[in-house]
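Letters are used for the chains, namely A, B, C, D, E and F, taken in the order the chains are written, and counting of residues starts over at 1 for each.
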Amino acid sequence: MASPSYKHFLVSTPLPNVAHVQINRPAKLNAYHEEMWIEMKTVFDTLSLSPDIRAIIFSGAGDKAFTAGLDVQAASQQGVLKQQEGAADVARVAVGIKRHVQEFQDCVSSIEKCEKPVICVLHGFSFGLAIDMSSCADIRICTKDVKLAVKEVDIGLAADIGTLTRLPKIVGNHSWIKDVCLSARVFGAEEAYRVGFVSQVLENKEKAVETALKMAELLASKSPVAVQGTKELLNHARDHTVASSLRYTGVWNSAAIQTEDVTKAMLSGIKKTKPRFEKL
Amino acid sequence: MASPSYKHFLVSTPLPNVAHVQINRPAKLNAYHEEMWIEMKTVFDTLSLSPDIRAIIFSGAGDKAFTAGLDVQAASQQGVLKQQEGAADVARVAVGIKRHVQEFQDCVSSIEKCEKPVICVLHGFSFGLAIDMSSCADIRICTKDVKLAVKEVDIGLAADIGTLTRLPKIVGNHSWIKDVCLSARVFGAEEAYRVGFVSQVLENKEKAVETALKMAELLASKSPVAVQGTKELLNHARDHTVASSLRYTGVWNSAAIQTEDVTKAMLSGIKKTKPRFEKL
Amino acid sequence: MASPSYKHFLVSTPLPNVAHVQINRPAKLNAYHEEMWIEMKTVFDTLSLSPDIRAIIFSGAGDKAFTAGLDVQAASQQGVLKQQEGAADVARVAVGIKRHVQEFQDCVSSIEKCEKPVICVLHGFSFGLAIDMSSCADIRICTKDVKLAVKEVDIGLAADIGTLTRLPKIVGNHSWIKDVCLSARVFGAEEAYRVGFVSQVLENKEKAVETALKMAELLASKSPVAVQGTKELLNHARDHTVASSLRYTGVWNSAAIQTEDVTKAMLSGIKKTKPRFEKL
Amino acid sequence: MASPSYKHFLVSTPLPNVAHVQINRPAKLNAYHEEMWIEMKTVFDTLSLSPDIRAIIFSGAGDKAFTAGLDVQAASQQGVLKQQEGAADVARVAVGIKRHVQEFQDCVSSIEKCEKPVICVLHGFSFGLAIDMSSCADIRICTKDVKLAVKEVDIGLAADIGTLTRLPKIVGNHSWIKDVCLSARVFGAEEAYRVGFVSQVLENKEKAVETALKMAELLASKSPVAVQGTKELLNHARDHTVASSLRYTGVWNSAAIQTEDVTKAMLSGIKKTKPRFEKL
Amino acid sequence: MASPSYKHFLVSTPLPNVAHVQINRPAKLNAYHEEMWIEMKTVFDTLSLSPDIRAIIFSGAGDKAFTAGLDVQAASQQGVLKQQEGAADVARVAVGIKRHVQEFQDCVSSIEKCEKPVICVLHGFSFGLAIDMSSCADIRICTKDVKLAVKEVDIGLAADIGTLTRLPKIVGNHSWIKDVCLSARVFGAEEAYRVGFVSQVLENKEKAVETALKMAELLASKSPVAVQGTKELLNHARDHTVASSLRYTGVWNSAAIQTEDVTKAMLSGIKKTKPRFEKL
Amino acid sequence: MASPSYKHFLVSTPLPNVAHVQINRPAKLNAYHEEMWIEMKTVFDTLSLSPDIRAIIFSGAGDKAFTAGLDVQAASQQGVLKQQEGAADVARVAVGIKRHVQEFQDCVSSIEKCEKPVICVLHGFSFGLAIDMSSCADIRICTKDVKLAVKEVDIGLAADIGTLTRLPKIVGNHSWIKDVCLSARVFGAEEAYRVGFVSQVLENKEKAVETALKMAELLASKSPVAVQGTKELLNHARDHTVASSLRYTGVWNSAAIQTEDVTKAMLSGIKKTKPRFEKL
């Protein structure tokens, strides 16, 4: 089926029910400017509700980079990093910055809020925003030669689009997190794998995309009620107590378990057939 | 000393102050039906208050499985996975499901609420409910040949008895958690060890039980005031802020430190003797 | 520049903007008594506000120990572990203990509250309090021969100065945490590295301090607005939901991004020069 | 229909779908001993799941008291307020107390957890436990001559069965709450009404029970899906952030709104008829 | 200045820097259908960022109603209350409902998220959605003849657009809240004032709007940095612990206090002049 | 007994075990400058631990004011409200402000953290800081002629020392809170009483102090274990869920109930004698 066409993203459906989102500014190492993150929200919000899509893979176009992060040159000419002229009132500038940061955060969070699972393929330069965005994805895999960095300290600021908020929740090695966030040093695939930031390392981009597609195909073959419920409940658990999440889970499944997918799945488990689940 | 006798569980005391709980339905790969999880709550509630027990190990009977999970066949004939007949009101069915799920959750949570440390030995098939239950245990070890899986997606539902709630709190690799929970794929001992789901891998079930027993013996030799306080405070920390848990800890120890165990333990530390602590 | 002089700590500035704090009771394996932890709070509170300091390394003096923990002999003669004489009212004793524990906790928490990043070098004996204190540090590295243990259970009590509260938040392997906290067993560098309690292992103390100094030097060369903001935001994230931390982050940066450090850092990034940042 | 018979409680169904629970120890001003609160949990747990019951009123038997609170004489001879003999270990006694208090709390909380709305009629002496229990009810009304008091301070302890936990959440006048909880002074109907602890004051017990019954009859005439959902969502809101409760609410209603009660209720609204809702 | 024109809302600026938003469907008692709440979000989002607006009043057009709530007839023909045809899968319907409810909640929450203070004038029929929306406003005043009701139970559902979530946080009389939410009964101005749902009662709509305008005029005359910061900090406090909100407040004011409004306000306080504050 | 002497506060013990703290700058309407709030922390920290003190009353010296709030003139010459000279870096100024605000907050919070109950007598001018401080007290009473105001908006800032954080937790009328905080308008005793900000109104200062002393005398006559535990548990409840506070309460009382005060209190209740409790 045809996908809507975007200015800064390639969105294709290489397999039934699987979307592939590519950041499409390879000439600039897929660096982001404001128009791009606003469009990205549209991409993921659309896929979130698209009944034909059950799993998404997210990568950069081209061989060099997932994304080199913020396009610093663009940022220094507009937006909050643009130098303020003389007399502006600090508090009024601050309100403007806060609004801008919140809008930027919302755009990045659209990846996390997307109801379908998102598999992020980190490859080549994957700096700054690359960490913010991939931390919103569900599954992170990378290539052997990936160059990762929480780069923000090196442009004089604390990362504010999600990295510092989400890394401590998704990786259980705070000594390492503090190290890479405070030093802004580049780290590679092996290190990312060892500490649990990515769960798989592939030979190169081709293999990584191939692996992500297979994984997405597998997820897309399962009950979307079960898969999307699982994503939601895992995300809920991250931010609530055990008691609160158990309560939420019980209510969630009080509707979800009434699906016919359960019967279909159980039957095909017994009959060793491949179930076909309705759209969601 | 004699242990009460149960229908679906073998409960023995292989060592002084150490209980061994075995799921006892080996002919069916220790698969669970409703009567079993209700009885399991009784087992752990009883051990929790038994003054003679200071540490517990939990395994499956037989060589093949810790547990293959829910007895799907039984479940499809009763309980919430049973197909509803025609005209039932969705909201009323939902309330019934919610009650059922909460009761099931409560039974599984009894392992976590048990005041004594629980060491879970995962071996053979350890699917679905095996992950829910072992996530409630304090220490997880496994055999080399264990076959683990968060299986629920494959029967068309999101796991609702605790796995999705607790895994993100006890394993610091969310990319991996999302992977195994969304895909329902089987994973083995090495992977479980690498990501930190289990903290030890043993050659086979015999060795694993032996290791668990030694560990339990060690814990049982220590001050029960100290050991059980440590379990409680670690569980509290998981669900509260640092400030809140420090406050709770101070209050907890305001009574606990008044125990004579402290003097006994310090003296025997100096005298290099083995302390004997009173029942708790 | 000269550092204030302390009774139990050596505080030096081996490199510009870098402080080195050494626990200075090597003859007693740097074991702590009450006067020491109270002084330690002064040390870290002072460094926290000192504009000349941008990074701190923390180690023990001498070759044998970071710290062997609480000086149990001293503790048994004063403070809460001193045996209470006969007739004291339990509730009144409890209030005294609670106050004492809270004061002790506050002293240890000063490491975490210190606005500057703290790199902790664990070496030799690093028992009990060593874990409480290093868990407050930002980055933990250790020597090959370090001997680590959550020792409190062996003196009859649950650790109450921070270990049980912070370990479950900074290490993503709860099975391992329960194991070492309940058993009080000694563990080494390799294990600490594998589970993510430390992020680097060095050959010996000399190398470890050298490595820590280089790391500190690097952090001290960066924008203090960015570095200290990053520490604060990562600590905030640990104790709040994602939504709450994103909101806090936006407000934090609404002032912080107005710093001239951003321009300086971006310019020097472009010009490949080394920026010089004002004191903070 | 017949109600189960209890030793310490009168449980009747004065109106269809309405249960009346009376504390039945009028000779002792309905003072509680342990057996009573354990039985009370059974009463409310049973009503919670009874499909024939849609609203509950809760009062004391006799004219003199809702309840005078804990039967102090009984309590001084058993349970946690019984004087401990000489040599008991403080920490072990503490664990016993904690277990006892938690069990007592659980029994009282059964009123709050009851899925059906509970209207509490406070009359005559309503001391100590009367406040703990009525704070769990949904609606509190009282008689003109009620004598209310948070009495626990006068027996040397801080109320621990729920009053201190719930009052600050259900009454928005913390200065008043601190006043009555710290002073243990008796307060009357007018004061209770003014600060919002009760929402109605009636002439005498007869009128109060009559009013409660009419209120219960009204609630019982409405959709049980709507009524019981409303209770659950209001209780959830009390303990969660707005964002978290909105999320929970959306999931709750995703099943509940599929009820046929919505259609029935809307139709009868249009047709001005009285709808009849199925059991829940 | 000219205001944008909307289909379902009248938006005027009766005084400098003060907007008046009127629900504009008086012929239907200002009852809402989906298009209206979506447009309402646009109205409040726009005002939130409009530098010319510093305070907002919100009322219904016409004499009869603020709003009679959901247009039940419209709702029964589209959206989630529309009867589902036969064979739809319960879980899939549930996901659709959840999305719909969340979107509806988002629209209503735009009143709370609006950075400018919103004064809500409740008059005439103010049912259902009227409570959801006014609970998002900052200040609620009403007319003597207002007819208020949490009506949802009477159409067979638990209110899910915010009433049940916010009422327990903004009114400190949970007995009363449970009463009106469970019974759906109509209540008037005096009762709303007594329990603290509204903070002022006016003779009639004209007087109420006049009072609201004066109040808005006063707020608009003050420093927008101070006024909008106060709204944000009060909203933050509602959902966070005291410690967490104090921390947030300190960071918020670290930028806000740098405003020139402080100097202006202090000077004009001393000089008894009227300060003029810049746009925000 | 003699009380320590302070520069800005009169601290006396008008009754056994009762302290009276008076703000002692009547010539300036008891307006605060920095030295005062730092000293105030010492006053309350000292009383908190003083075994001879069991209740505290807090008022202003002189007839005119509890306190007119911040000494704006002093504040404009030092501290964070002092106008910054030209070239200061916004982010560095912000860090300084944040530190200053946090220190100020800590001083005010000492009233809340004080282990003994604090009764605040509001009289005459009670502006700004008067609300921040009295919101930390346990019980608030006032004189008929008190003039209260959340004044901060009128000096161009959002109150940041506690008012905006605590008011929404201690008064259950958010419409009123928003009104007085946004408008900075003066309100009187009757209004404060009606909304529940104060719990008693007295004829004049003399009567109010007399009433407060009687109340304090009563609290001081009761078990300090019970009274101070009650304060702690009510404060804990304000910031935690019901489940979490019940858990904390159980642990708190596991030590506290072991006090001999329970026996003393129960005996004297039976014997109608006046118990004498040991110091705490």
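By definition in this document, a residue touches a chain if its C-beta (ideal position, glycine included) is under 8 Å from a C-beta of that chain, and two chains touch if they have at least 3 such contacts.
Everything numeric here is computed off the predicted structure, so don't read it as measured data.
Visitor: Over half of interface residue numbers shared between chain A and chain B means same, under half means different, so which is it?
Guide: Counting shared over all numbers used gives less than one half: different.
Visitor: What angle, rounded to the nearest 5°, describes the rotation that places the Cα atoms of chain D on chain E?
Guide: Rotating chain D by 120 degrees superposes it on chain E.
Visitor: So the centre of each chain is just the mean of its C-alpha atoms; given that, what is the distance between chain A and chain C in Å?
Guide: That gives a centre separation of 33 Å.
Visitor: State, to the nearest whole Å, the distance from the C-alpha centre of chain A to the C-alpha centre of chain F.
Guide: Comparing mean C-alpha positions, chain F is 48 Å from chain A.
Visitor: Starting from the mean Cα coordinates of chain C and chain F, work out the distance between those two points in Å.
Guide: 34
Visitor: Check each residue of chain D and list the ones that touch at least two other chains.
Guide: Where chain D meets two or more other chains at a single residue, that happens at 90, 94-95, 169, 171-173, 196, 225, 238, 240-241, 243, 247, 251-252, 254-259, 261.
Visitor: Can you list the residues on chain C that touch chain B in the complex?
Guide: Residues of chain C touching chain B: 72, 76, 80-81, 83-84, 90, 93-95, 97-98, 101-102, 105, 109, 152-160, 162, 164-169, 171-179, 181-185, 195-196, 238-240.
Visitor: Please name which positions on chain E make contact with chain F in the complex.
Guide: For this pair, the touching residues of chain E are 117, 138-141, 169-173, 196-200, 215, 218-219, 222-223, 225-227, 229-234, 237-238, 241-243, 245-247, 249-259, 261-266, 269, 275, 277.
Visitor: Considering only the defined contacts, which chain B positions touch chain D in the complex?
Guide: Its residues touching chain D are 49, 89-92, 94-95, 99, 225, 228, 255-261, 278-280.
Visitor: Mind pulling up the chain B residues that touch chain F in the complex?
Guide: The contact residues of chain B facing chain F are 236, 240, 244, 247-248, 251-252, 254-255, 258.
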